[in-house]
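Labels for the chains are A, B and C, by order of writing; each one numbers its residues from 1.
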Amino acid sequence: MEMSLGQLAEYIVSLGMACEVDGDPTVQVGSVATLDEAEPGQISFLSNPRYESKVAETQASAVLVSAEYCSPRKMNLLRTPDPYAAMTAAIVRLHGYRRHPRWGMSSQATIASTSKVGADPNIAPYVYVDDDVVIGDRATIYPGVYIARGSRIGHDVTLFPNVVLYEKCILGDRVTIHAGSVIGEDGLGYAPVNGKWVKIPQVGNVVLGDDVEIGTDCAIDRATLGSTVIGSGTKFSNLVAIGHGTRIGEDCLFVAQVGVAGSVQVGRHVTMAGQVGVVGHITIGDNVRIGAKAGVINSIGAGQSVLGQPAVPVQEAKRQVAVAQRLPELKKEMRRLRQELDELGRRFETRDEGCEPSPRGE
Amino acid sequence: MEMSLGQLAEYIVSLGMACEVDGDPTVQVGSVATLDEAEPGQISFLSNPRYESKVAETQASAVLVSAEYCSPRKMNLLRTPDPYAAMTAAIVRLHGYRRHPRWGMSSQATIASTSKVGADPNIAPYVYVDDDVVIGDRATIYPGVYIARGSRIGHDVTLFPNVVLYEKCILGDRVTIHAGSVIGEDGLGYAPVNGKWVKIPQVGNVVLGDDVEIGTDCAIDRATLGSTVIGSGTKFSNLVAIGHGTRIGEDCLFVAQVGVAGSVQVGRHVTMAGQVGVVGHITIGDNVRIGAKAGVINSIGAGQSVLGQPAVPVQEAKRQVAVAQRLPELKKEMRRLRQELDELGRRFETRDEGCEPSPRGE
Amino acid sequence: MEMSLGQLAEYIVSLGMACEVDGDPTVQVGSVATLDEAEPGQISFLSNPRYESKVAETQASAVLVSAEYCSPRKMNLLRTPDPYAAMTAAIVRLHGYRRHPRWGMSSQATIASTSKVGADPNIAPYVYVDDDVVIGDRATIYPGVYIARGSRIGHDVTLFPNVVLYEKCILGDRVTIHAGSVIGEDGLGYAPVNGKWVKIPQVGNVVLGDDVEIGTDCAIDRATLGSTVIGSGTKFSNLVAIGHGTRIGEDCLFVAQVGVAGSVQVGRHVTMAGQVGVVGHITIGDNVRIGAKAGVINSIGAGQSVLGQPAVPVQEAKRQVAVAQRLPELKKEMRRLRQELDELGRRFETRDEGCEPSPRGE
């Protein structure tokens, strides 16, 4: 779709963001592209300052920038306080969200007669829905999805290919799960008996709140008893592992390969960067930020930012790293201190002896 | 199912564990729940001391506790030496293990005519079994499973949805593989030739012993030559990666996101916590315990506990961390030492000069 | 297949490698095995010096060794400058690459009428190909694969079971993707608006070059705008996560559980060992080598080898680790320095006082 810069600015304003055209409002744009790749007829954006040098050379017909941005040359700008949010709006307006294939209710899907599917279903071939499942309206379920008995699925849910839900899982409205993720598999629950691992039946389930989005190839264990919970609005990237009985708050953001052990309480709006690990049975407060690869072994109070293995407040972690990188130097300095101290001691002894007669002879 | 505390205690005793009712043996319980979530009619348990404070407020009709436990109020207790094992028994008795859907031999599954399936099969639609496969009795195979040619599968095996077995893999009796895991894919086997990676055919296989349970979205490489082996009774959590030709002993326990490179020998009853990494071509002894996120780069003797990157004995690792966290402080102390030493040296020189005439003049 | 050592040596020479029989050229070998597992009639190899002690006891009929290797006993050797490459050649010759099942074009696959499949297809049951897809000649597509609309797939491509391609992805010739991997899922693209995560439509795609091989359960995000690119000849092991908009050069090798965030530029022939993590928006030069578990937070110039968290040049990292492991000792030494310095200071003061009258009285 094509629209003028003036129309696009109006649209962004209509969403509650300030936006002004600085240039020719009649210029037409049809799509969004990065500064590097944009061609005439496209609009680009500058939100990460590290790409600022690319503005001078972009072929874009216009660029979304901050209100105070000073451009290197005469060009069409859309000025807005939050260029990233405005870019999001522009992509939504010019490109839109994914359009799914339309399967209706495929005759090649298998839906148990005891299960119920809501209005306007979009269920692909090779989908299998077991007994006593309830699926809300407008569900889009791709090929290869398996839904075990007793699951409850909200409205407007999208399950990409080969997603698996184990029994009795509960999904809120507008949940999206990307290809290959598994919800509700058994956790690592075994009792050690005589050197063998005796399996503990995992009789709980998983509950995903509204608007949860789960990436590809994630694994969310069902609780042993009760529920593993992912709060509404929380988003996961790929290959994330969540242990049994863990409860994660609303509006969290977990980057790829995060692993959280079982029985952890995570607050709301917590961010965990890539490859973070969290041990079991601890509590992470609201608005905590955990840096990439951190290993969290103790509870963290609300609002803290942590980093490192084991994780400590980020300033402390950075100090530790700074010192650690100077460790070989520190070690050398310590050797010098030792040598000088020994030398001074020897000299003191010698001088002492020389000096000694004087006071002693006094 | 419901039973009295007396009956439940008897059942636990029948499994070889001591168990006594301390309270009213006629009280009925129907299910197990955590202390937090239990309601009247449920039995709970206390095994992890960090949850001790929750006993006072639980709504449970009874609690499984240790023999010497001193309860905060009058309540019905089942006393037993190992409350965790007893809780496992109670869940097995009151809830039981998962009951699978019953497919018999689905006409929508594809089984090659050259393959054999044992007695009482339970094989779902959209399963594909290639040539020359032998499957034992009472197999439960969920939708979307693919079994390549020449595989040998024992009795009472459960393969959850979308599990994939590459060719010639061998599974023992009572093996369980959770959804999305892949057994026997090619390892990263390439010969570097003129800056290109030339693929080495991966002609070995994977052998899983009896009672192995593999979590979700795991990847176990086939051996280049010979076999990658997972010993009987070993249990994996999710997203675990095992390299080609690695051999893992019996009764090991690997937590989520563990990665073991190729040609590693792992003993029996080894535990690896979450996100552990192990380099190739080393040997890990029996009963070794590897802490979360450890990076193992050297062989480890039997019975050791290690931690850290690179992994060292756990006491040493904890000392290292303790010192590392005080590094900025140590650095400051070193600066003070330097200043004081220099100062002392200067004073010594000065005094020395003052003192000098005396001995020299002697 | 069986052949004589003489014939095998000739074959290796025909590939451009030197190879000479040191022993009986008429001895027949039919397959390749490790030194440990080889039986008469098999050929083995010695390339990793840590297995040298196994040569004396191998049952192999012959061993591929380096030109200058000195064997512990009389045995049949094939001498060649690169035994690993020669072993690869021997496996290719004696075992060959995997032979796929032959499905032709299965009537149980679903191919949209708007999609085109090239010559000699090998497409399994339960495959789903959506609209406007173009698939090249001789494609092998296993059960459970899903290919979304608008994808372009080259010749001689192999997609193992349950691989998922999201819309508009582009695969070069001879691409191989192992079971369960997902190409082109949405990245973690959200704009934070009033404490909520607003989804940014991910309108880009993924481009895999020729001869790319992707392991099991990998996740390669589509770009938000433009393309995520994996260069020709690059090979991934399992459970690798690549963020949106990242571009990886040719002939790279990534070991299992590597995670690269979004908008990263990776040069050609870069190796990343297991569990490496790379933050977003940085540049990794050609021929860089990144050690296991490294956490890369800054751009790296061409040709460097790095290690550690955060990653630093490998020599520096090793020095840091060496010192870190001696930290408790250093701390003790610092305490001794403090004590001795204080003691010397005290003695100096005392002596000073004793000595003082002398100079002062002078």
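The rule is simple: a contact is a pair of C-beta atoms (placed from the backbone, for glycine too) under 8 Å apart; a residue touches a chain by one contact, two chains touch by 3 or more.
For clarity, every value in this text was computed on a predicted model and none was experimentally measured.
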| item | value |
| --- | --- |
| Interface composition of copies subunit A and subunit C: same or different, split at half | different |
| Turn needed to bring subunit B onto subunit C - CA fit, degrees, nearest 5 | 120 |
| Computed distance of Cα centres, subunit C from subunit A, in Å | 24 |
| Residue list for subunit B, restricted to those that touch at least two other chains | 126, 144, 162, 180, 217, 239, 257, 275, 309, 324, 327, 330, 334, 337, 341, 344, 348, 355, 358 |
| Subunit C contact footprint on subunit B (complex, rising order) | 110, 126, 128, 130-131, 144, 146, 148-149, 162, 164, 166-167, 180, 182, 185-188, 190-193, 195-201, 203, 217-219, 221, 224-226, 239, 241, 243, 245, 257, 259, 261, 275, 277, 279, 281, 295, 297, 309-310, 312, 316, 319-320, 323-324, 326-327, 330, 333-334, 337, 340-341, 344, 347-348, 351, 354-355, 357-358 |
| Residue numbers on subunit A that touch subunit C, as the complex places them | 31-34, 36-37, 48, 50, 82, 84-85, 87-88, 91-92, 95-98, 101, 108, 124-126, 142-144, 160-162, 178-180, 213, 215-217, 233, 235-239, 251, 253, 255-257, 269, 274-275, 292-293, 309, 321, 324-325, 327-328, 330-331, 334, 337-338, 341, 344-345, 348, 352, 355, 358-360, 362 |
